[in-house]
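Working notes for the structure below.
Naming follows writing order (A, B and C), and every chain is counted from residue 1.
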Amino acid sequence: MDALTSLSRLVEGLIFASVEPVSENALRQFVVTQGADENILGPVLAEIRLRYEDHAVELVAVAKGWQFRTRSEIAPALTRIVEKPRRLSRSAMETLAIIAYHQPCTRADIEGIRGVSLSQTVLDTLIEDGLIMPKGRKEVPGRPILWGTSAHFLSSFGLSDLGALPRRDELLLDPDAAAQAGRIVTQQGIK
Amino acid sequence: MDALTSLSRLVEGLIFASVEPVSENALRQFVVTQGADENILGPVLAEIRLRYEDHAVELVAVAKGWQFRTRSEIAPALTRIVEKPRRLSRSAMETLAIIAYHQPCTRADIEGIRGVSLSQTVLDTLIEDGLIMPKGRKEVPGRPILWGTSAHFLSSFGLSDLGALPRRDELLLDPDAAAQAGRIVTQQGIK
Amino acid sequence: MGEGGSVFLAGETQETVPHLSLTGFEGPLDLLLDLARAQKVDLAQISILQLVEQYLAFVEGARQIRLELAADWLVMAAWLTWLKSRLLLPAENEADGEAEEAAGLLQGRLLELEAIRGLSLWLDNRPRLGEHVFARGCGEDMTQIDRSGLRVDMVGLITAYLAMTRRKGRKRFYAPPRPRYWTVTEAVSALQRLLNASEIAGWQKLTSLLPAQESTAPRARAAALASALVAGLEMAKSGAVELKQDGVFAEIMLRAPQKEEE
């Protein structure tokens, strides 16, 4: 093995084992500690690139230095897509519940029922997820938008229609449901 | 590029991308998702090994999986740069050897074989390095903890599984091992 | 570990044992294995008797220097002395079998330790990860997380609604105490009561209309006076009362309307 090749193998190992991209400066220093001229670094890197020509990985220069990366043409085949469905935040879920039960209702209605102001982010989330949609405007000064639930809301919650939503008095008056609701509330309330 | 080569490039990328060994199971699954027979994994791995023949890194079987590692020949040049883990003392190494051979075994078992009591330091070192782990308790009075080696032990020493440890008769009969053992003893014992 | 670690015998004090050191021996078994190796034969064929004698001589030598030799060295010495005596007995003796068994046991332990030491060296000679060989330093995460999906259920919706209702039920809003001033309506009825009272005649001061408790706080008094004035003006408009003021900032006077016919 000639000197260039044996040096290029050391540099290859160094870049491979490094936690971060190895800066050109560090590589130059390394080459010097191995007793070689620092100008040899160019040919050394070229030789490594050549060695990895038909490989799944390649030596690339990134912002901070040199690094091995998976070739872009094979990366898609290796990428595993993990689905992690989101949960709605508490305020979004409460807002959605109010709209479901009190629709059509305005932003002011929602704020009145929740007793806190409704942030635009919450409303935007619900709109983006297609759970709510505008249902005209209320004929009062300012003509605020009236919100209601969408068809996607029904399918998301597995409801055939809005009538399938348990009625409020059912939730609150039925002693069993009330007890259960109470239990659920206790579990979640203190978090 | 034939089918085997293109598949081997994907597997190469998959193993190369990972910091940890990729389990044989995961590789087999991956091969199947690529529409190939799982039995092709052997030839695929062989092809990858061949492809890395003149490289600073090699494909090795460790802890029931596969991983790229730098070759030990280039260690001297690299160790100066990368931070080293501590070396195990002779007592720690012998204790580890006993646990490897006799697992699961108790502290008393270890002391019986070495003929000296097991120091807390040795036990702590092995646990801290993640080389040994508790494997339940022995159902005898006092219910002492049973110790065994961890997956990290296999990975750390580059072993595919416990079966890769030499057999005891191999160690006793192998003249090289005996000679090496002899050399160490001469340094420490009487001349 | 290494209880006998610091026992040295210098050459001058003990001519028969030129240089003796227990340093590095981790217990009697360790030393025995070393002595057995020194016989330079297969461990399966070592002479136990020779081994015993070497050990005893070694420990005896060490004891002449350091009397406080660790107990396990002496326990082993005692046991080996017993073994030696049994091994030296004529072969036809009954105890023969027992000694052979004990010797076999010792040999087994030495073989075991030898194997362990072999494995220990084998492990030590292997390239260790992170010391001699290195894995990929910076891995690439090939997993992509798709968070576009939404996980919702009825229980969550109902729970949220109930939780909110209950929370709101419990919630108390801070409402600043609203100051209660003497209102115009009250002033009107007070004025009407005053006019209906027959004994009242002639000009009255408007201020006499104010309730006694309103006269203390200046703000309440001003508010009450304003109410009284508005009430007076309202009633003057419908002719129920007559008002006059003799000058700027002078007292406002009122009286019941005088009937022209009288």
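Basically, a residue touches a chain if its C-beta (ideal position, glycine included) is under 8 Å from a C-beta of that chain, and two chains touch if they have at least 3 such contacts.
Keep in mind that what you see is a predicted model, and the values were worked out from it rather than measured.
**Student:** Of the other chains, whose C-alpha centre is the longest way from the centre of chain C?
**Tutor:** So the chain farthest away from chain C turns out to be B.
**Student:** Among all chains, which one's averaged Cα position is nearest the averaged Cα position of every protein chain shown?
**Tutor:** So the chain sitting closest to the middle is C.
**Student:** Applying the contact rule given earlier, which two chains have the most C-beta pairs between them?
**Tutor:** Going pair by pair, the biggest contact count turns up for B-C.
**Student:** When the C-alpha atoms of chain A and chain C are each averaged to a single point, how far apart are the two points in Å?
**Tutor:** 28
**Student:** Determine the centre-to-centre distance between chain A and chain B, using the mean Cα coordinates as centres, and give it in whole Å.
**Tutor:** One centre to the other, that is 37 Å.
**Student:** At least two other chains touched by the same residue of chain B: list those residues.
**Tutor:** Residues 14, 16-17, 68, 70-71, 78, 82.
**Student:** Would you give the residues of chain C that are in contact with at least 2 other chains, written as numbers and ranges?
**Tutor:** Correct list: 134-138, 140, 142.
**Student:** Tell me, which parts of chain A touch chain B in their complex?
**Tutor:** Within the complex, chain A touches chain B at residues 9-10, 12-14, 16-17, 30, 33-34, 51, 54-57, 68, 70-71, 74-75, 77-78.
**Student:** Using the touch definition from the top, list the residues of chain A that touch chain C in their complex.
**Tutor:** Against chain C, the touching part of chain A is residues 13, 16-21, 67-70, 75, 78-88, 90, 93-94, 96-98, 100-101, 113-115, 129, 156-159, 166, 168, 171-172, 181, 184-185, 188-189.
**Student:** Can you list the chain C residues touching chain B in their complex?
**Tutor:** On the chain C side, the touching residues are 1-3, 19-21, 23-30, 34, 37-38, 43, 72, 109, 111-142.
**Student:** Per the contact definition, I'd like the list of chain C residues that touch chain A in the complex.
**Tutor:** Chain C residues touching chain A: 134-138, 140, 142-147, 149-168, 171, 173.
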